């Protein structure tokens, strides 16, 4: 399944947010959209999931305009987890994950064997089997987000889009979620496209990075390729130094600014 | 997943998942309601014991009881059940669509709209077939729903704003109903008054036969569409993401809701607050899944109207208070409590 | 929206024009009606009384009616302006907030259960009804995380209104009151009310008018916020209590003499604001004036819209006011 855009223009009202953008999402990889606040990365993601209609241009699923496909068929190939999803009070994890099977159900067939399998597997993959009958709102932030991800897993799609899945989580849970997504990509080869705020975590987990700036793609490629001080300056208006993450070897952005300055211990390797 | 019963049949290509809690709650609640129905059938000017009622229903009771029961009491009880059930279902559907616990057909003025056209039909088209009455009520309900859509939903206004518009529409329809009552010929005035507050006084087998088909068909449709209502609860974006045809589903569900409201109002008048109370009771008992809420809400609605009618008939004997007054007396404080709980949404 | 006449001269002129309009409507109200009369008959009724039917109608029916409509219109108009200013909510109205229905219910309860029948007693009970309802919805709406917001206040009021009118209706039907009585206590009426009723409540009404006008400046300050008002030296509690008193006086006396007529106080403050801008004193004056005009017009309309049947006046005001409310609510203009 290929996901791409062609000359895509998106806008809210009169102002265009994204203009004439061409994009190809690499299959089987983790792609992260980065950019400053309001640059349009969330908007772009949502339009990829057909939640937003383009002003001009198209989003192409397998070469065809995504709005030409029946929405149910699209749902079997693409799943999206929007930002800050809310579950009704008292809904259990199981009930939530089960909702992911919606595109496969009809009024007679609401709980086929495949449905059951998919839900069980999704719960296992996210480590929530023991919590299946707990209400979602009684879980911790990380567990809750895992439940939502389990729902998208149960949808059985090849591609999962996530809009800022870690934004409201503390560091432990951020790593928890990103690790989970990384594993899903490794073991099940699902294509993951997400919007992340944290630049360094993006560099660590992404195979492919797309920097959005000024209504266009500023640069795209592997983090090692595109992560430069120039990029950070242009996209984020920030002066920085790009270093090598001592644990993972991926690029690490160290911003200039105020703050206590202690004596430097060792020279940090740089790109 | 011991919390659920799985029903699968390869022969009929059916597979269902039924929540255990919902199933037993529904059964239990249904039994209570039936018990209340039997007791209520026995209450009135001529007191008939429940045992006697059962005998009469089975055809082995005394002829006098049987007569009273079948001509007077039973139709009224059945109407209470059907009207209450319809309101309960309509309320559950509307809360699912609007995603706000304060939404209900009467607060949003849909019931008022149905009342206006119903009372207009009765007073203007006196010679028309009574079977057209639910259609007339339906027309009014649809009209209001459409106005709500135009003024509020389409503009993407929040649900609180929608409720405000509904309150205004309710006041407007109330005024219109009053006009029709004032202009109605004397003989029809008391009949027209039921559309002010709702009453099932003097309902007959005709009324039962009027509402029954609407009730059964629309309820069946609502059950079929249950999973569409369910996915709405997770928010529009998630619903779209899993492939729900959002606008179409919302429209269908709204039409079913409006149809149920119209049918209920046509027979029982604007009985307030049932459509608000019943889904909440259901939600407290069986959780937020729409498929579980629907049957419980129907039964809860039946129970409320049945109970309300019982009080209305007997507490002020020999006078017949409109059941709407009773349901308002219970419902309004509950609504206020809901407001308190929901502040800041 | 900038007001049209921004200088004093225009405001006085407008007021004068308004009073003139009231007089005209007043006279029209006396002359027109189901029973056709003309000017000559009116003059004769007072100068050369001869006991004819028309003259009796004019003296005993039309004149009281016109006077009551004027007085109640003024009360409701000025009360609505005060209410909207106080709650900082352009959608506030005595009907929507259930104050009307609460007063009505109180009187009906007193009438049925305690055999109260004198208008003086009705008036005091109506006051109590308004006060109790007002306190209830205030408490409900204010007791929460967010405190008093226009939305929760309106919703609390709507619930009270529905509750009160249902119980009123129930009580009246149980007691087998006639349709006219039922409609009176549900929608109000200015016809068929004796002049003595107006005379009995007039002192309270007039006090309400005066009190409200005196409150114009303090409430204006209060509108800027409790903290600011206090820091400017205002005794906010006193102002609020006095305002509550004014609302009770105005609404209670209006309900006692004419039943629960709604929506007058919803529409007139908006028009007043458009005409004279944000100054509360002038708003109150204009709102009062417009209230009288509105109610007189509604009363004449009630006579002719469904000729020869008369519609209850509360229905006519609802027909005007409810669409107004819906459009306002849809515009999202709940903050001024």
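Letters A, B and C name the chains as they come in the text, with residue numbers starting at 1 for each one.
By definition in this document, a residue touches a chain if its C-beta (ideal position, glycine included) is under 8 Å from a C-beta of that chain, and two chains touch if they have at least 3 such contacts.
Chain-to-protein mapping (UniProt): A = Iron complex transport system ATP-binding protein; B, C = Iron complex transport system permease protein.
Here the structure is a predicted model, which is why all the values come from computation and not from measurement.
S.K.: Classify the inter-chain contact topology: is it line, ring, star, complete, or other?
M.R.: line
S.K.: Most remote chain relative to chain A, going by C-alpha centroids?
M.R.: It is C whose centre lies farthest from that of chain A.
S.K.: Of the chains shown, whose Cα centre falls closest to the middle of all protein Cα atoms?
M.R.: B
S.K.: Which two chains meet at the most C-beta pairs?
M.R.: B-C
S.K.: Between chain B and chain C, tell me the centre distance in angstrom, where each centre is the average of that chain's C-alpha atoms.
M.R.: Their C-alpha centroids are separated by 35 Å.
S.K.: Could you please state the distance in Å, as a whole number, between where the Cα atoms of chain A are centred and where those of chain C are centred?
M.R.: 58
S.K.: Centre to centre, by mean C-alpha position, how many angstrom separate chain A and chain B?
M.R.: 44
S.K.: For chain A, which residues are shared contacts with two or more other chains?
M.R.: As it turns out, chain A has no residue touching two or more other chains.
S.K.: Taking the complex as given, what residues does chain C use to touch chain B?
M.R.: Checking each residue of chain C against chain B gives 91, 95-96, 140-141, 143-146, 149, 151-152, 154-156, 158-160, 162-163, 166-167, 169-171, 173-174, 176, 179, 183, 186-187, 262-263, 306, 309-312, 314-315, 318-319, 321-323, 325-327, 329-330, 332, 334.
S.K.: Help me check something: in the complex, which residues belonging to chain B touch chain A?
M.R.: The touching residues are 1, 3, 6-8, 12-17, 224-225, 227, 230-231, 233-235, 237-238, 240-245, 283, 287-289.
S.K.: Enumerate the contact residues on chain B facing chain C in the complex.
M.R.: 102, 107, 147, 151-152, 155, 157, 160-161, 163-165, 167-172, 174-176, 178-179, 181-183, 189, 193, 196-197, 272-273, 316, 319, 321-322, 324-326, 328-329, 331-333, 335-336, 339-340, 343-344
S.K.: Can you name the residues of chain A that touch chain B in the complex?
M.R.: 46, 49-51, 71-76, 78-82, 85-92, 94-96, 98-100, 102-103, 105, 107-113, 115-116, 132-133, 155
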